[in-house]
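Both of the next two complexes hold subunit A, though its partner changes from subunit B to subunit C.
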Partner chain A sequence: MNKEEYQKLIKAKKPKEPKLKNALIAFFTGGFMGFFCEILSKLLIVWLGIPKSFSYGIICFLLILCASFFTALGFFDNLIVKYKCGLIIPTTGFAHSVTSSALEYKNDGMITGLGSNFFKLAGSVILYGIVSAFFLCLLKVICYA
Partner chain B sequence: MIYLNAFLLPAFTCMIGQVILDNTKLTAGHITSIFTVFGAILSFFGIYPILIEKAGAGATILISNFGHMLFIGGMQGYNEQGFLGIFAGLLSKSSLAITSAVIIAFVFSILFKPKN
Partner chain C sequence: MPSLKFKNVYLKDYFTIVGPKEKQSKLKKYDLDFDDYYFETKTFEMAEIKMQKMVIDNLLKKNNIDYIIGGDLINQIAISSYAARNCGIPFVGIYSACSSFVEALLLASTIIDSENAQNIICLTSSHNLTAEKQYRYPTEYGNTKPHTATTTATGAVGAVVSKEKSRIMIKNGTFGKIIDLGVNDANHMGAVMAPACADTIHNHLINNKKKPDDYDLILTGDLGKIGINILKEYYKNAFNETLNNVVDSGSEIYKQNQDTYSGGSGPCCLPLYFFCNILTKEKYHKILLVGTGSLHTPVLVNQHQTIPAISHVIEIEVL
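The block that comes next holds the complex of A and B.
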């Protein structure tokens, strides 16, 4: 058997990803998450009498807290495999990537392990977010100057 | 109506992310970066504040809100301090997300042991 035949065989035997099912799972996970967060934010506004933007901040904090806690307990990875982008696109994905890389490299030492690998996965979001936002700000300033 | 929007906006965003993840070679890191940049672009055209108004928490829980907050902070800094204010204020609004993620992740990584 030569290399090409082997590749063909692998392609045929490889389990096909159920793309439609994955998309629907992500659709409903993301949707219900937004729905319940909106209800929670309305409840917070009524209960605590706080402004809208402050309640969004609390929800963001709670999501990060839950995602980090579940990652530290070890079962958030299974949830991510199950619900995929439904949990990656919201803020939970950001918190998960920070916590999981911190836990993973903890044994290599506090500086060379945890410290230098802390933003290993979330670094790209922060870097490209800051770079793009800075140049867009610059563009807006130049346009309206 | 706001509850329906709060369902539909993150639902379609997550579905688009999943379709990109399944049909291209891009990883989850690529997709979150793309959505962050996309949020900053939407904020640049003034669309993201409208989305937050219409969909509420549905728009603020997404990673694109991070890009929006960066842009808003930068513009606020410019209005207060001029050109140098962009550097000073860019992270001011999104500090909550970054600082809380860093502190919480650090505390939990000290307290818990990695599981394999």
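The block that comes next holds the complex of A and C.
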């Protein structure tokens, strides 16, 4: 059996991933979280009398805090596996990746372990986020100049 | 490559330790279990070292050991080396990923057969969370995996290969070739290892002029639920022969309700299932143990290199 035939055999035996189901789970989880945060934001505006932008900041802070705290308690990874991109794409996913790396490498030392591995998973998000933001801003300047 | 034939080589003693998930699995009659992945240590690596150290200490209590042959999954086979330090016994470190235990048995049997030693410990272990850390993502990171992925088993196994007669006889064995059929998916190790597994089984049968049905059981290592089906199909296509009595330890070790994707993996998977399940049944007498190892590193996988695999076979007769 050559490599091509073997690849065909693997393909035939490989179970199909339920992509539509995963997408729907992510859509509804992410949507519910957005809906819940919007309600909380409105309540904060009414209760505390703060501007909209400030209430969004507080919500973002709460999401990061909860994701990091739940990761440290050891059950947020199970929630992510269950609800997938609904929790990975929002800022909760970023907080989870940073906290899990920090927890993993804390025993390897503050500099050589935690410090150098803190952005192990989130580094790509930061780098390509900044690069994308730069080019989009450049495009904006060119278009509107 | 001819097979190795042994006279008067036996498995005299063994000691098994299982982790929290394996405690709930189909394994029975293990010697020690623990509930916490830290195993009363500060890190997962230290927990795995402690497991191996306890295996060595327990086997040393009852046996005079000449050599320790050991291997594991962690970089520079650090776990086995750290576990065997200060025990005053010559140590041979080996690595062939999840087939390390069978490789150790083959090497130990060769040394015993040549009458250069009386008793040798063959040692291996794996820890789900040290393997996750090394090969995949941080342990607390919720990584979604495909159904082809396997779950590294947590446990440690040590067996004493000896000249002294016992009910488990090692008859012969075959070292395998490294085979790469162009698979580069580290989450589908069953597909990576199946051709190497089939090739070594076939070579062993040819060398010993036997058929698959001559054995009560052909027990493979950690191909997983999908990998074992690939092996059967591949074997039929490549060698025009059917493997009817093949069982995969990785597919069988966990219960259905334990969420383990395609099954278990790791170098301790095969010996744990053999010692803590197959031997307890007293149903199988002629057994072929087939260790399967995926020889990849995360660095070369990230560089899009295809993954080589290896498989070693040892024939056991339970008297």
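Going forward, the second predicted complex is superposed on the first by the 119 of 145 C-alpha atoms of A that agree within 3 Å, B and C clash if a C-alpha of one lies under 4 Å from a C-alpha of the other, contacts with A are read in each partner's own complex, and residues count from 1 in each chain.
As a convention for this text, a contact is a pair of C-beta atoms (placed from the backbone, for glycine too) under 8 Å apart; a residue touches a chain by one contact, two chains touch by 3 or more.
Quick caveat: nothing in here was measured; it's all calculated off a predicted structure.
Engineer: Output check: A:61 vs subunit B and subunit C. Expected answer is one of first, second, both, neither. What do you get?
Structural biologist: The answer is first: A:61 touches subunit B but not subunit C.
Engineer: Would you sort A:35 into first (subunit B), second (subunit C), both or neither based on which partner it touches?
Structural biologist: Only subunit B is touched by A:35; subunit C is not.
Engineer: In the overlay, answer first, second, both or neither for which of subunit B and subunit C A:78 touches.
Structural biologist: second
Engineer: Which holds for A:10: it touches subunit B only (first), subunit C only (second), both, or neither?
Structural biologist: Second partner only.
Engineer: After the superposition on A, what does A:121 contact: first (subunit B), second (subunit C), both or neither?
Structural biologist: Both subunit B and subunit C are touched by A:121.
Engineer: Answer with first, second, both or neither: which of subunit B and subunit C does A:107 touch in the superposed model?
Structural biologist: A:107 contacts both subunit B and subunit C.
Engineer: Check the residue A:26 against both partner chains and state whether it touches subunit B (first), subunit C (second), both, or neither.
Structural biologist: Touch partner of A:26: subunit B, not subunit C.
Engineer: Using the superposition described at the top, determine whether subunit B or subunit C touches more residues of subunit A.
Structural biologist: Counting contacted residues of subunit A, the larger count belongs to B.
Engineer: Please work out whether A:50 is in contact with subunit B alone, subunit C alone, both, or neither, and reply first, second, both or neither.
Structural biologist: neither
Engineer: Name the residues of subunit A shared by its contacts with subunit B and its contacts with subunit C.
Structural biologist: In the superposed arrangement, which is not itself an observed complex, subunit A uses residues 17, 71-72, 74, 84, 88, 97, 99, 103-104, 107, 121 for both subunit B and subunit C.
Engineer: Which bits of subunit A are touching subunit C when the two form their complex?
Structural biologist: 1, 3, 5-7, 9-10, 13-15, 17, 71-72, 74, 76-81, 84, 87-88, 96-97, 99-101, 103-105, 107, 120-121
Engineer: Going by the contact rule at the top, pick out the subunit B residues touching subunit A in the complex.
Structural biologist: Contact set of subunit B toward subunit A: 2-3, 6-15, 17-19, 21-23, 28-33, 35-37, 40-41, 43-44, 52, 55-58, 60-63, 65-67, 70-71, 74-75, 78, 83, 86, 90-91, 94, 96-98, 100-102, 104-106, 108-109, 111-112, 114-115.
Engineer: Provide the residue numbers of subunit C that touch subunit A in the complex, in ascending order.
Structural biologist: 42-43, 133, 137-144, 146-148, 181-183, 188, 191, 195, 226, 229-230, 233-234, 237-238
Engineer: With touch defined as at the start, can you tell me which subunit A residues reach subunit B in the complex?
Structural biologist: 17, 19, 22-35, 37-41, 52, 55-57, 59-61, 63-65, 68-69, 71-74, 84-86, 88-91, 93-95, 97-99, 102-104, 106-107, 114, 118, 121-122, 124-126, 128-130, 132-134, 136-141
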